[in-house]
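Notes follow the structure.
Letters A, B, C, D, E and F name the chains as they come in the text, with residue numbers starting at 1 for each one.
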Amino acid sequence: MKVGARNRIIGKITDVKKGTLMCLVKVEIPAAAKMASVMTLESLEELGVKKGDEVEIVVKAVNVLLMK
Amino acid sequence: MKVGARNRIIGKITDVKKGTLMCLVKVEIPAAAKMASVMTLESLEELGVKKGDEVEIVVKAVNVLLMK
Amino acid sequence: MKVGARNRIIGKITDVKKGTLMCLVKVEIPAAAKMASVMTLESLEELGVKKGDEVEIVVKAVNVLLMK
Amino acid sequence: MKVGARNRIIGKITDVKKGTLMCLVKVEIPAAAKMASVMTLESLEELGVKKGDEVEIVVKAVNVLLMK
Amino acid sequence: MKVGARNRIIGKITDVKKGTLMCLVKVEIPAAAKMASVMTLESLEELGVKKGDEVEIVVKAVNVLLMK
Amino acid sequence: MKVGARNRIIGKITDVKKGTLMCLVKVEIPAAAKMASVMTLESLEELGVKKGDEVEIVVKAVNVLLMK
C-alpha cells in the first residue's frame, strides 16, 4: 500500500499503555531510538497490534519539527 | 532544553529543497532511515541549519500514525 | 492494510495542483462533498496517483475540529 | 463564519464517548461514512453539542493523508 | 459560532506572503507577540482576509508543544 | 535553542489537569489570553513543569487555523 507521507519507519511495539479513551503505543526503531504514538483505543483495536508486533510509523512532514 | 513531546531523534541534514514559501528538509537518522520536515523558509532561516548539520527531530505522539 | 486512525473515506481524485514543493490534491467523496490534501510533490510521486484515481483519505481524530 | 481550511463537511453527532480528560465524538456524514473527532472535555462543553446535533467538521488540508 | 478547540485568540493580520500554492499569514496579537498561519491560497481567498483585518486564531490543544 | 516553528510565545502555567494517560496544561500569555496544550503525562514529567512555571509555547504555522 502506498501512503502520501514522507516519514515511514518500520519498528517493533515495545509497550501499550491504555487510558480511558486513548492509548500510548511505544515503538522501537532500529536507530536504538524509541517513538510513541497516541491514538484512540478504538483505533488500537482495529489496528489489532500488541507488544512485539512489527508496525510502520507514518508521519506527515508538516508535523515534523526540527530543533538545533 | 526540555520539550513536551514523546518523539525526539538526533539526525543529520542531508538535503534542503526550497520552494517559494516552504522548504523540505531531509534528515538522516542512525536507523539508516530518512525523515523529512516541511517548514516555512522563514523558520529555516531562523533555525540557521544547512546540509551536514546535526538537528533534533521532534514529533508529538498524537501526530504519529501506526500502520500494519 | 490496517491504519491506526479513526477517519477513513474512499474518494476519487478530481484535481491535482502542483506548486514548487507542495501540491494540493482534491478528492471527491460520495457525500457530494470535496476534501483536499496538501502533501509534498515527492509524496505525490511515490503515491503515484492522478486525476480519476481512487484513493483513501485518512485523518487522525485529533486533527478533526468540530464547529457549530 | 469563514474558516481558513479546505475540508468542511456537515454531519450529525451519533455518539459522544467521554474519557477522563478527552472525549471522542462520532459524526455521521451524508456519504454513509462516519468521522470522529478527539477533543478535550472542556472543548466539548464549550461547543455545547450532544448526540443528534448537527456539526461542521473542519480539517486543514495538511492534516489529510492519502493512501492508495 | 462555537469551535471545539482550546486556543482562540483575536489578532490583526500584518502581512500575507503568497507562494505558488500556499500562503503565510502573519497575525499580531495583543501580547505584542506575532503568530503565523500557513494555509492554501484557496483557503485565503475563501477566508477573504487582507492586511489589517481582524481574524481569530484557532489551534487545537494537541497541536501545542510546550518547551522549557 | 532554535526551533523550526513560526509561533513561539512565552507564558506561565496556570493549571495542570491530569487524565489517565494525557494531561491538559493551561498557560497564560501576556495578551490576557489563555492557551492550552494536551500532551502525554510522560511528556509532562520529562518537561518537569508545574503551576507557576514559565514555559514557551511552540506551534507550527501549518497547525494554525484562521477564522473570520
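To be clear about the criterion, contacts are C-beta pairs under 8 Å (C-beta built on N, C-alpha and C of every residue); 3 or more make two chains touch, one makes a residue touch a chain.
These figures come from a predicted structure and were not determined experimentally.
Listed by label, the chains that touch subunit B and also subunit D are A, C, E, F.
Interface subunit C/subunit D: over half of the residue numbers present appear on both copies, so the contact uses mostly the same residues. Matched by residue number, over half of the contacts between the chains of D-F recur in the interface of A-D, chosen from B-F, A-C or A-D. Taking each chain's centre as the mean of its C-alpha atoms, subunit E lies 17 Å from subunit F. If you average the Cα atoms of subunit A and of subunit E, the two centres end up 29 Å apart. With centres defined as mean CA coordinates, subunit E is found 23 Å away from subunit C.
Multi-chain contact residues of subunit C (touching two or more other chains) are listed as 1-6, 19-20, 22, 24-25, 36-40, 42, 47-48, 58, 60-63, 65-68.
Here subunit D touches subunit E in the complex through residues 1-6, 25, 37-40, 42-44, 46-48, 60-62, going by the rule given at the top.
Across the complex, subunit A is touched by residues 1-5, 19-22, 40, 42, 58, 60, 62 of subunit F. Chain contact summary for the complex, subunit A toward subunit B: residues 1, 3, 5-7, 9, 24-25, 27, 29-33, 35-39, 47-49, 53-68. Taken in their complex, subunit A has these residues touching subunit F: 17-20, 22-24, 36, 38, 62-63, 65-68.
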